[in-house]
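Take a look at the structures listed below.
In the two assemblies presented below, chain A is common to both, partnered first by chain B and then by chain C.
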Partner chain A sequence: MSHHHEHAPIGGRLITLPFLFLSALALIAVVLLVERFMYGLGAVTNLNDGFPWGIWVVYDIVVGTGFACGGYVLALTVYIANKGKYHPLVRPALLASLFGYSLGGLGAIVDMGRYWNFYQMFNPAQQNFNSVMLEVGLCVAAYSIVLFIEFLPVIFEKFRADEWKKKLEKILFIFIAIGVLLPTMHQSSLGSLLIAMGGKVHPLWQSAYLMPVLAITTAMMLGFSIVIFEGSMATVGLRQPSETHLHRGLIKVIRALLVLFFIVRLGDLLYRGVLGAAFSGTLQGNMFLLEMVLFLIPLVVLSSANLVRQGRFLLIAAVSLLLAGALYRFNAFLIGFDPGAGYIYFPSVKELLVSIGIVAIEILGYLFFVKMFPVLPKAHAHA
Partner chain B sequence: MNNNELQQVAERLGVSRRTFMKFCTGVAATLGLSAGAGVQMAHAIANPRRPAVIWLSAQECTGCTESLLRANHPSLEHLILDLVSLDYHETLSVPAGHAAEEAKQHSMKENWGKYVLVVDGSIPMKDGGIYCKVAGKPIVDHVREAAEGAAAIISIGSCAAWGGVPSAGPNPTEATPVDKVLTDKTVVNIPGCPPNPYNFLSTVLHLVTFGTLPELDHLNRPKFAYGRLIHENCERRPHFDAGRFALEFGDEGHKQGFCLYKLGCKGPETYANCPAVEFGDVGGGAWPVGVGHPCFGCTEQGVGFEKGIHQLADVITVTPPTTFPGIAEPVGQGVTPGAAALLGAVGGAVLGATAVAVKQLGKAEASEQSDNDSQS
Partner chain C sequence: MNRRDFLKVAGSGALIATTSGAAEARGNLPVPDNAVGMLYDSTLCIGCRACVYKCKEVNDMPNVVRDGEVQWDQAEELSGDTLNIIKAYKQGTGETKNSAVDGFAFIKRNCMHCVDAGCVSVCPVSAMQKDPETGIVSHNPDACIGCRYCVAACPYNVPKYEYDEAFGQIQKCQLCNQKGVERINKGLNPGCVEVCPTGANIFGTREELLQEAKRRLALKPGEDYTYPLERVGSTYGHVKAAPDYTQHIFGEHEGGGTQVMVIAGMEHTKLGLPDLPERSYASVSETVQHTIYGGMLAPAGLLAGLLYFARRSCKETDKEGEDEV
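Entry: the complex of A and B
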């Protein structure tokens, strides 16, 4: 279907003021990572024995790969549900996913205390098939490669390697299929991780074995939201034609996912009789309420025929949903996580700066590719 | 052999068929054999022709017999006595005096070359062996006589296996282990004071079922039971590696269940399966180290009854480092003003960027709307 739409680099100056600002943030992160590898995790992070996972894992991997689900849900929509009209959205979404996943994988290595044993994950003799982490690790690694292959046609187009592109497109459907399968697996496994954490997870998030369902629904919602968010930002920031008319088509799916999420989430809380904890006035209770409000805003916006027509309300709904999905994962993995024995955790300034730097690198990469490579649809393609 | 016969054995033993099969599977597991071996064992026990056992007691305290009888399962003493035909045992025999001696002679003649000889206690060799006599004869003569027609010889307990308590300095009776008396025979050693009854039962059941002895190490101890150091399987091992030690009985570390190495635990130089099999069939860490007492190395020659109870063990595998990580792990610090400010700034940037984009989108759409209106 790709030949129906034409893509083109948007051009323009690469080195702009925002570009320099983001580069500075990225540089700070790189310097701090050098410190981390020279003096160990303790020099940079606030991690301890009770909280071996901090913001690097929970933001860069758990939330970050959720944000990177745009490529996944669009592949699902365009190729599995055969909705070809959304094709112009695929390339930028794939690009964001590629950055999200490969930097998430990098984040995993950075966060590993004994990173030099990392390669053992791929050694069949050392693999523990009862481990959820192995599933997540292998899946994320494989998906990063698949994303790269899915993105390869863009590179071939840029360098006019038409022969290569033709060859690749003949077998691309295999990788697209794998690219839909893998995130379904590891995104739900993120929920299985919570099951494995057992009683350390607050009752508001430690559901009756439904966390994988909640994890995959939030992943899909995050994926659709990031497509709307990224498209809106490109319209405003890069002066691209509005994609609101395409985004509107996604609303039905998002709304259905939201309804499903609320039914499962609240039904589970009622079934287990722990909903009262939400009004306990504790940090966890209040964060739960905030999470619910953030999920409710998009449901209200998307249910109103009037608001849905306006791109700015779509953006509000998308941002609210992004924050809701991120907060759900933060709540389950960090804020509602209590290992006992008096352990507490809050990210250090340096940890935060590294995560901010990684986001900066993602945006820098995105800007570089949309300006130099044929990622975004040509301005006249759908005018 | 069918299930009906297994049922009959179970009834004879006064236990359910299920309990009986569980026991056999448990023994097979202790030996490191497959579950199928448990079924084979069940059938071997069900065989009406049970092997005869002659049990001789030399310089001993009857502790080994006690530990076999005092196993927690009410059915176990039935099993012990029912899986073999115990034809002679000084403590357990019904006949006494000449009648007991006669029964032994009768059984030996009847089962010549087929019976199992079990010896507990060490053999006194000084002054012609006169320090332990049974039926007017030194015990060493009884042992040599019975060994002649034995299919297999088992030394149970540390006394029989390597000398044990009676051989401790100055060893006034010249207490000698059985295999030093019967130098021309294979003697299986099951040391321990007392040994775990399962190590004995498993060895005998292996013999009964397969007709062969389990694999033995260089000291003729069954490898399944004495193949690894206590230290290697100890539930307190992580405390050793982390440098968390009890330094006195009842101190904070002792109460927390820390490693007992510094109280003289001999686990690092003693080979036995105590941490895995435990004692008394009650589970839950019911073995010396599990209940807070250092291992004193009862199974190991040169350790038990020889080294001081609170003397430090020689660590055979990994020598402990001279420095250890601290016992008080940092539990983390709360939010710092800098981190809170940074996080706030990120939140502000996200909301600010969204607000600006929302505004501009609104503007763009308004103009687009008017464009469309003018077109149509």
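Entry: the complex of A and C
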């Protein structure tokens, strides 16, 4: 496991124009969060008595941790399926996952109406093991710590703590295994969260028993797509060598996941006889169709030998799949959620700015680490 | 077993575990032995809102004032300040009481104290509790983390979070039996029952209320009936001609049954009550969850396999690394 010579900081100036712009966005979010803590959730969000969960839950946690599944799927690929050639992709994916999860966890605390009682989730006298939320909360908290441990070798390497790094690497396989188990559990449970909401969730998304299967499938697809997306961004934005040759290898598994997803998703809708709602012309029906188109684009692109040869199309497929997975989760949790009694929800500007600020912090953190720490593969490795 | 096989087995195992839960499905929870509740008869309600006012007094909550006019309480919807409310149905000319066409009716909304309560099932920290004896669903703010999953999972939109406060909490009707109030333990009736002048809302065990509801539905329209005040069998009552009841006791079976039940002269959906399947959503959710995580066997097995392969991969990579050096 000694990959001393494989990774290097890319260096370069830290304070750049994009860096300052992102910092401004992050600062706005921090100011708004002060307002949230001083005057309550209602001062900043459009949450109401019918819609208890808004974009802070659905984007920051449900979609955000889905985007942060790169570390999960690569651990599965490299360490469980033993495809060592993808190893160069692992560290940047881990870094993005670490930020995605820790900020998702932070988002959860910000959204909690009684955050000072947070410790009760770890209090055996209060824990309710019937609750999907308990499992999601504990797993996400544990996985954030596991991600940090998995990333520690990078920090040891930077500070030349070779002894520590060696010691950790001897037992790292334990954390790698746990780091595959935990997301398998909570990413599927993110879907199970919706089961108890029953009829409030539109029939196009209320799949009851199949919820966990659909959720884990989208999590894996989001994970693989984000690896391709981030790799392409690093190539273009940070002038890193292209990793397209490695990304190509992931096509087969993404395609298989897409096929599985379509079979389960459409099979379920047909079995329950609710597919007709897709063509009802309602907002929900139209958003379902959009979701299907976004899932179909990567399936078409990845099935065409001609298209897939062009890196551009591979990126298009990845972006479309990211949007598809995100929209599936948005649809299920918000657009297809109807509490009745005329309640409506649309995020406030302040609410959006907080979520944007959190994304800005993630990108800032990513830039900081790839410039200062040995995260990305060394340039000559590809030469 | 090689990796490919393991992944296949693990994957299909997970799939089977999540899709074939029917055998061990958890059914609806049983009705607690001494379940208490309320029966609301929409046809008797005159919409005076004495119950809304009394509820605020008992729970120490501010009255809602509209247009500067102080008239009892003007709340239009349940909220963090309103745990009980009377709403009106009006159609067409709104002339005839209990008529779905050109008529009007009232409906009382508050916690239904579900037999198999979704809020209790989903609460990660057991802040929502169902009393094993009385079945009253109570809330403990000292345990609550404010995740509001109970709000999302309640088919009646009952629990309300106080969004306008820095340290808000979840509010819901606890049948006037919460700490410091404990009217039921003291042998009193819930506040809203005590003040109801027409007996539209009465208190009792779920069993006796269900029987009372069935007696009323069996009445011939126009037939005289002595409607009790406050409780079934009360010495106080009034004689009134029976209305034309819709033959449905809302809460007898809805979502696994509720302890607060409603009868009316029109369909429950007209009065804003949801259509719910007989099987509670909580039982479906718990069936899925416990099928996957029962005894933590599946996760433990999966972890064992993951540890084995992760260790082997790490060792192999180590060797390769040494070779390179």
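Here, the second predicted complex is superposed on the first by the 378 of 383 C-alpha atoms of A that agree within 3 Å, B and C clash if a C-alpha of one lies under 4 Å from a C-alpha of the other, contacts with A are read in each partner's own complex, and residues count from 1 in each chain.
The criterion applied here is as follows: contacts are C-beta pairs under 8 Å (C-beta built on N, C-alpha and C of every residue); 3 or more make two chains touch, one makes a residue touch a chain.
What you are looking at is a predicted structure, and each value in this text was computed from that prediction instead of being measured.
Trainee: Report clash or fit for the pair chain B and chain C bound to chain A in the combined superposed model.
Mentor: By the criteria stated at the top, chain C and chain B clash after superposition.
Trainee: Considering only the touch criterion stated at the top, classify A:50 as touching first (chain B), second (chain C), both, or neither.
Mentor: In the superposition, A:50 contacts both chain B and chain C.
Trainee: Please work out whether A:235 is in contact with chain B alone, chain C alone, both, or neither, and reply first, second, both or neither.
Mentor: Touch status of A:235: first partner only.
Trainee: What's your read, chain B or chain C touching more residues of chain A?
Mentor: C
Trainee: With both complexes overlaid on chain A, does A:120 touch chain B (first), chain C (second), both or neither?
Mentor: second
Trainee: In the overlay, answer first, second, both or neither for which of chain B and chain C A:319 touches.
Mentor: First partner only, chain B.
Trainee: In the superposed arrangement, does A:78 touch chain B (first), chain C (second), both or neither?
Mentor: second
Trainee: By the touch definition at the top of the document, which applies to A:195: first (chain B), second (chain C), both, or neither?
Mentor: Touch partner of A:195: chain C, not chain B.
Trainee: Just checking: does A:181 make contact with chain B only, chain C only, both, or neither of them? Give me first, second, both or neither.
Mentor: Only chain C is touched by A:181; chain B is not.
Trainee: Considering only the touch criterion stated at the top, classify A:310 as touching first (chain B), second (chain C), both, or neither.
Mentor: Touch status of A:310: first partner only.
Trainee: Tell me which partner A:341 touches in the superposition: chain B (first), chain C (second), both or neither.
Mentor: Both chain B and chain C are touched by A:341.
Trainee: After fitting the two complexes on their shared chain A, where does chain C collide with chain B, if the options are 23-31, 95-103, 149-157 or 203-211?
Mentor: 203-211
Trainee: So chain A touches chain B in one structure and chain C in the other; where do those two contact lists coincide?
Mentor: Shared contact residues on chain A: 47-50, 341, 343.
Trainee: Over in the complex, which chain B residues touch chain A? Could you list them?
Mentor: 329-336, 338-339, 342-343, 346, 350, 353-354, 356-362, 364-365, 368
Trainee: Could you list, by residue number, the parts of chain A that touch chain B in their complex?
Mentor: Of all residues in chain A, those touching chain B are 46-51, 232-233, 235-237, 242, 244, 310-312, 315-316, 319, 323, 341-349, 352-353, 356.
Trainee: Which part of chain A faces chain C closely enough to touch in the complex?
Mentor: These residues of chain A touch chain C: 1-3, 37-43, 45, 47-50, 52-53, 78-82, 84, 87, 111-118, 120-121, 123, 126-135, 137, 169, 172-174, 176-178, 180-181, 184-185, 188-189, 192-193, 195-200, 208-213, 216, 337, 339-341, 343.
Trainee: Given the complex with chain A, which residues does chain C contribute to the contact?
Mentor: 3-4, 6-7, 14-15, 18-19, 21, 77-79, 118, 121-127, 141-149, 151-153, 155, 157, 160-170, 255, 272, 274-277, 281-282, 284-286, 288-290, 292-293, 299, 302-303, 306-307, 309-314, 316-318, 320-321
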